[in-house]
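Across the two complexes that follow, chain A remains constant while its partner is chain B and subsequently chain C.
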Partner chain A sequence: MTTILEIILIIFTAIIVGLFFLGLSRKVIARIHWRYGPPIVQPVIDIIKLFNQTGVSHGTLFNFGIIFSLAGSVVVLLFLPLGKICPLSSSGGLLVILYLMLIAPLGLALSGGEAANPNASIGISRKFLLAMGYEVPLLLIFLAVMTHYNTISIVEIVNKQIRTGWSFQHIPLLLSGIAYILILPAIIGLRPFEMIQAPQEISSGPMTEYGGKFLALTTIQHAFNVFIGISLFVNLFLGGAENPGYFFLKMLGVFIIFLFVNAVFPRLRIEQAIRYLWKWPTLLAFAGLIIVMITS
Partner chain B sequence: MTPGILLAIAFGGAFITYLAGKISEKVRDILAVLVSLALVGIVALLYNISSRSTLYTGFLDLPLILRVNTLSWFFAITVAIVGSLSVIFSLSYIKEKERTDFYYLMILLVNASMLGIVFSGDLILFYIFWEIMSWSTFLLISYNRGPALSAGMKYIIMSVAGSVAMLIGMLSLYSYYDTFTIAELSDHLSSASPGFVLFIFILFFIAFGIKNAVWPFHTWLPPAHSEAPSPFSAILSGILVRMGMYGFLVIFFVIAGIDLFLNLGKGIVRFNYILAWIGAINIIIPTFIAMLQNDSKRLLAWHGVGQGGYMVLGIAIGSSLGVAGGTFHIINHTSYIALLFLVVGAIEHRTRGIRDLNSLGGLIKKMPVTFFGALVGACGLIGIPLTNGFVSKWLIYKTLILNHYPFLAFAALLGTWGTILSLYKFLHNIFLGQLPEKYQTVNEAPFSMQIPIIILSLIIILFGILPGIPLKVINQIIMTSGLESLNITLWGITSETGILNTVNIFAAIFVVAVIVWLIFKAGRKEIKVGQDDNYAAGAFIPEEKYHYTVDFYNPLYRMITPYLRDFVDDFYQRLARGVKNLGNGIRRIYTGDVGYYVMYIILFLALLIFVQINWKVW
Partner chain C sequence: MDRNKIGKWLRSPGKMGQKYSLHALYFCTGCGIIEIPPTITARWDAERFGVIPVATPRQANLFLVTGYVSLKTLRPIIRSYEQMPEPKYMVGFGSCPINGGMYWDSYNTIKHLDKYIAVDGWIAGCMPRPEAVFVAVTHLWTLIDKGMADGYKRYRENYRYYRENQEKILGKLEWPPLFSNV
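Let's look at the complex of A and B:
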C-alpha cells in the first residue's frame, strides 16, 4: 500500500516539478531577453487546452509510440530515488535505469517515424546522433561511479554519499563530475544542444506532426525528461537527499545554472555537437575512469 | 529415445525429402516440415537425459561416441526449433525458385549435421559432422549464384583453414593422450603443461573463431549472410555460426576445465583476459560498421558479428554470471537475429527482392504483422527491458562491473548505442516514413511466413519477462563446468550485489502504459489522416515522395567513415593477391613442358656434381 502511495507521489511530484521547470525556463529566458514572459503556469494551461483540441493521427504506431514513450519515462522515475523514496529499488539498479531510459526516445522516434514527415525524420536522426555523442562520456561517468562505489544499485550509491559526502567531495570522481556538467545540457536538450527541435530550421523536428492531446502528452514527456536528466545528476553527484524538499532545491539550482547557459548560447550544428561531446567531456570522463580504477 | 535414432531420422529424412521432391512438390514440402518438426519433438524428449553410447568402433579402432548432456541438449533444441521455423518459412519463400529439392536437402542436411555436432562425444565424429556442416553451408550460400558464388568461396576458404587448425589440434591431443574421446581428454588435459594447453587453445580458437566470426576472422560473414537465401540466413546467423560458441564451451570448460582456462598466464597477459578484449573489439567495430550499411541483410550480418562479441566476452570472464550471460545470449541472439532475417525475407518476397534500405519505406501500413516482428526483434537486439536480450546483457554488464573491468563494460555498453542507431535506421527506412508509389499494392506476407515470425516474437517476449525458464537449464550447464550455482528464480536473479526482477519491471511498464492509454483516450478524439496530409509549417511539399532515408546518419558518417575501413579484410585480400601472384610465379617454373623438367633434372644433377667436386660432401 505504501508502495502505491509512493508511486503516485513520485509521479505527481515529477509532473509538477517538470512542468514548473518548463514554465520557469520561459520566464527566466524572457527576463534575460528583457521581455516580461508568460506566467509560470503557462505549460499547465497549455496542456489542459490541448487536451480539448482535436489532434491529427497518422496510425496505430503514431498513437502507441507516444504512450510507450511516456510510460517508459514514468517507469524510469520509479527506479530513481527521490530523497529516500524509491519504490522499485529492489527490482534492478543503475543498469536497468540506463536501459529503461531508451524506451522514451525510441517510442517517440517510432511515433514520429510513422508521421511520414521528413522534418520529423531529420529530427529523429539528429536525436539519435546527439545521444550517441553524449552516451560515450555518460557511460564512462556511470562506470566510474559504479566502480568507485562498487555497486550497481543507485540507492546504495545515494546511501554511501549520505554517509561519506557528495561524490564531488570524493577526489577520484572529480573529473567525472566535471565531464557530467559539460554534457548535462545535451542530455536535457537545452541550448547549445537544441538542434533536435530547431523550430526555425526543421519546424520542431519529431514534434512537427503532433497536435491536440498528442502535443499535450509530448509536453508532459518533455517535462519528465528534464526531471529525470537532472535528478540522475543530483542522485549520482550531488549526494541525493534525505528528504524530497531538499532534493528539489538541489535540482532547481542545477536547472537554473543551465538555463543561463541556454539563454546566451546559440545552437550548434549536429556534427559540431558530436565533435565537442567526443572531445573534452570524453577525455575527462576517460581520465576519471582511469583514476577511479587506480584508486579503488 | 537415443541420439542415434535422432540422427538417423535427421539424415534419413533429408534424403527422403529430396527423393520425394522428384515425385511431387506437395509431398516434399509436407515431408520437410514433418521431419523438422519431428526433430523438435525428439530433442524435447531427450531433456534431462544424460547418456553416452558407442556408435561404432570399426574406424581405425577408434570408438565413435554419441552422448547427451544438458549442454548438448541446450544447443540441440535451439537448432531443431530454428531449423523447423526456417523450413516453414521457406515453403512460400522458395516456391518459385529453381532447384528447390536441392535446397530442402541442403537445409535439412545442415540441420542434421548440427545436431550431430552437439551430440558427438568424441572429436572424430565431431570433425566429420563439422565438415558436413561446412560443405553443405557452402552449397547453400552460393545457391543464388552471381555474387553469392564469391561469398561462398570466401566462406569455404576460411572454413577450410579453420578445419585444418582443428585437425592439427585434434592430432596433437591424440599424439599425447592416445584418445579422441572428450570425456577422457578432459581427465588428461588438467595435468598438461601450460605451453601445451596454450597451443591447443590457440588452434581451437582459430578453428571455432572462424566459424563464430570472431574478430579478426569475421570477414567471411557479411557477404555470406547477405547473399544466402533469407530463411537460411536465419539459420546461418542464428545458430550455425554459434556452433563456434559450442566449440568454445566444449574446449574451454568441458575439455580443459575452468581452472585451467582462468589461470593460463599472469596478470593482464592471461589467456581469458586477452580473449575478453577480442570480444570487446568484436562488439565495437562491427556495430559501428553496421550503422553505415545500406543493405538490410548486410546490416543484420554485421550485428551478427557484433553480438558474438558479447558471448565471447561473457564466457571469457569465466564467472558464473558471465558464463550464464554469454550462454544465454547465444539463444537470445538466435531468436532475434533469426526473426529479423525472416522479416527481411518476407519483405524481399513481397517486393521482389528489394534489400536496399534507401528505396523502401512506409511498409508498416501494408505489412503490420511483419513490422511487429521487426519491432520485437529490434528491441531484442538492442536489449530493451522485457525482451530476452536485456537479461543476458545485464548479466554480462554486471559481472564486468563487479569484477572491475569497467573498460570492457564500456565497450559492451557502447555497442548497445550503435545497435540502436542502426536498428532504428533499419525500422525507419523499411517500415516508417512515406510509402513509395510502386509499393502501394504490396500485401502482407503469406501465412506460412507469419507463423515463424509470430512464434519467434513470442519467444523473445516470454524469455524477457520470465528469463528463469532458460536460465534454469543454463544453471545446470554452469554447475557441470565447476562454477558456482546461481540463485535463479522464474523472474530473474537474486544476489547480494544487485537484483533483477523482470516481472516487476513488466508489471510497472504495463500498468503505467494502461494508465497513460486511458488518459490518452480521455482527451478529445483524434482524426486519422493519410501520409500526404502533412503539416510542413508553410514549407513547400514536393509532388514526388520525400522520404528522408539516404545517408540517415550523414554527419556521423563523415566523421567516422575514415576510421571504419575493414582493415582485416583488406589484409586478407592482399594475402589472397599475394598467394595468387606466387602461384603465377610458380607456374613459370612448372610449365608442363617435359623439356623444361628434363632441364631442371640435369641442372640439379650438375649442381650435385659441382658440390661433390668442390667440397667432397659424400
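Let's look at the complex of A and C:
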C-alpha cells in the first residue's frame, strides 16, 4: 500500500518539480536578457491551454509513442531515490536505469516518425545521434561509480555517500564527476546541445506535428527528462539527501548553474556535438574509470 | 498572477489558459514582420503577457497576418490557418489586410482579408508600433473573456462562403475542404 502511495507521490512530485524547472528556466533566461519574463507558472498555463485545444492525431503509432515515452520516463523515476523514498529500491539499479533511459527518446521517435514530416525526421535522427554521443561517456561514468562503491544499487551508493561524504570528495571519482558535468546539458537538452528542437532551423524538430494535448504530453515528458537527468547527477555525485526538501534544493542549484550556461552559449551543430562528446567527456570518463580500477 | 483571478481560473480554466498563453505563429507575410522582433525580444518582451512565437502552425493559436497579403501568400496563410488547432485567433496587423492600405489598386494583393479568412480583430496603422500589439493582445483577452473571439466558429459555420471566395481568387485549390458543409 505504501509502495503505491509512494509511486503516485513520486510521479506528481516529478511533474510539479519538472514544470517548475521549465518555468524557472524561462524566467531566469528572461532576467539574463534584461527582460521581465513570463510568470513562473507559465508552463502550467500552457499545459492547461493545450489540454483544452483540439489535437490532430496522425495515426495509432503517433498516440502510442507518446504514452510509451511517458511510461519509460515514469519507470525510470521509480528507480531513482528521492531522499529516502525509492519504491523499487530492491530491484535493478544503475544497469536497469541505463537501459530504461533509452525508452523515452525511442517512444518520441516512433511517435514523431508517424507524422511523416521531414523536419521531424531530421530532429529524430539528431536525437538518436546525440543519445549515442552521451551514452558512451555515461556508461563509463556509471562503470566507474559502480566499481568505486562496489555495488550496482543506486540506493546503496547514496547511503555510502551519506556515510563517507559526496562522491566529489572521493579523489578517484573526481574525473568521472567532471565528465558527467560536461554531458549533463546533452542529457537534459539545454543550449549547447539544443539542436534536437532548434525552432529556428528545423521548426522544433520531433515536435513539429504536435498540437493540443499531444504537445502537452510531450511537455510533461520533457519535464520528466529534466528531472531524471539532474536527479541522477545529484544521487551519484552530490550525495543524494536524507530528506526530499534538501534533495530538491541540490537539484535547483545544479539546474540554475546549467541555465547560466544555456543562456550564454550558442547552439552546436550535431557533428560538432558528437565530436565534442566523444572527445573530452569520454577521455575524462575513461581516465576516471582507469583511476578507479587502480585505486580500488 | 493576480489573486482575484483565482475564482475565474477555477470556473473556466480552459478560457483563462487560452487568454494567458497565446502562442503566435511566426509567419511573415509582408513588411509588418519588422515590428515583431522588437516586440518579442528584450525591448518590449511580449513573453510577460504569455505571447511567444512558435515555429509550426500545429502548436500555435494566434495568427498575426503582418502586412499586405499577396495572392501568393494567401495560399499558405489559408493552409496554416486550417492546420492550427481550435480555438484559434486571427489578427490582421497593419492597414493592408484591412482594406488594401497603400496597395489599394494593386493587381496582385487582396484588399479585404476577412473575405477569405475569419478575422477576430485588427491592428490599424502603417506600421503599428509594438505598443499597439500589446493593446491588441489585451483587447483580445477581453474578447476571449466575453466569448466574442469566435472567428474559428464563424469560419466553420460560413465555410462555404470562405471557400467560394478562396476558389474565386486562387483558382482550383489543391487541398480538400476542411469542413464538410461545402
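Assume the second predicted complex is superposed on the first by the 296 of 296 C-alpha atoms of A that agree within 3 Å, B and C clash if a C-alpha of one lies under 4 Å from a C-alpha of the other, contacts with A are read in each partner's own complex, and residues count from 1 in each chain.
Assume contacts are C-beta pairs under 8 Å (C-beta built on N, C-alpha and C of every residue); 3 or more make two chains touch, one makes a residue touch a chain.
Owing to the predicted nature of the structure, the values given are computational and were not obtained by experimental measurement.
Colleague: Just chain B (first), just chain C (second), both, or neither: which does A:Leu215 touch?
Modeller: Second partner only.
Colleague: If we overlay the two complexes on their shared chain A, which of chain B and chain C does A:His33 touch? Say first, second, both or neither.
Modeller: second
Colleague: Looking at the overlay, what does A:Leu100 touch: chain B (first), chain C (second), both, or neither?
Modeller: It touches chain B, and chain C stays clear.
Colleague: In the overlaid three-chain picture, which partner chain does A:Ile45 touch, first (chain B) or second (chain C), both, or neither?
Modeller: The answer is second: A:Ile45 touches chain C but not chain B.
Colleague: Would you check which partner chain A:Leu139 touches, where first means chain B only, second means chain C only, and both and neither mean what they say?
Modeller: Touch partner of A:Leu139: chain B, not chain C.
Colleague: Would you check which partner chain A:Met207 touches, where first means chain B only, second means chain C only, and both and neither mean what they say?
Modeller: After superposing on A, A:Met207 lies in contact with chain C but is clear of chain B.
Colleague: Determine, under the contact definition given at the top, whether A:Phe68 touches first (chain B), second (chain C), both, or neither.
Modeller: first
Colleague: Going by the contact rule set out at the top, does A:Gly55 touch chain B (first), chain C (second), both, or neither?
Modeller: Once the two structures are laid over each other on A, A:Gly55 reaches both partners.
Colleague: For chain A, give the residues common to its interface with chain B and its interface with chain C.
Modeller: Touching chain B and chain C on chain A: residues 51-56, 203-204, 208-209, 211-212.
Colleague: If you look only at chain A, which of its residues touch chain C in the complex?
Modeller: 26, 30, 33-39, 41-42, 45-46, 48-56, 199-200, 203-204, 207-212, 215
Colleague: Over in the complex, which chain A residues touch chain B? Could you list them?
Modeller: Within the complex, chain A touches chain B at residues 51-61, 63, 66-68, 70-72, 74-75, 78, 88, 90-93, 95-96, 98-100, 102-103, 106, 109-110, 113-119, 121-122, 124-125, 128-129, 131-132, 135-136, 139-140, 143-144, 146-147, 150-153, 203-204, 208-209, 211-214, 216-217, 269-271, 274-275, 289, 292-293, 296.
Colleague: Write out the stretch or stretches of chain C touching chain A in their complex.
Modeller: For this pair, the touching residues of chain C are 1, 13-14, 16-18, 20-21, 23, 41-42, 45, 47-48, 50, 52, 54-56, 58-59, 61, 83-87.
Colleague: Write out the stretch or stretches of chain B touching chain A in their complex.
Modeller: 362, 364-365, 368, 371, 375, 382-385, 390, 394, 397-398, 401-402, 404, 406-407, 409-410, 413-414, 416-418, 420-421, 424, 427-428, 431-435, 497-501, 504-505, 508-509, 512-513, 516-517, 519-520, 522-529, 531, 533-537, 539, 546-549, 552-553, 555-556, 558-559
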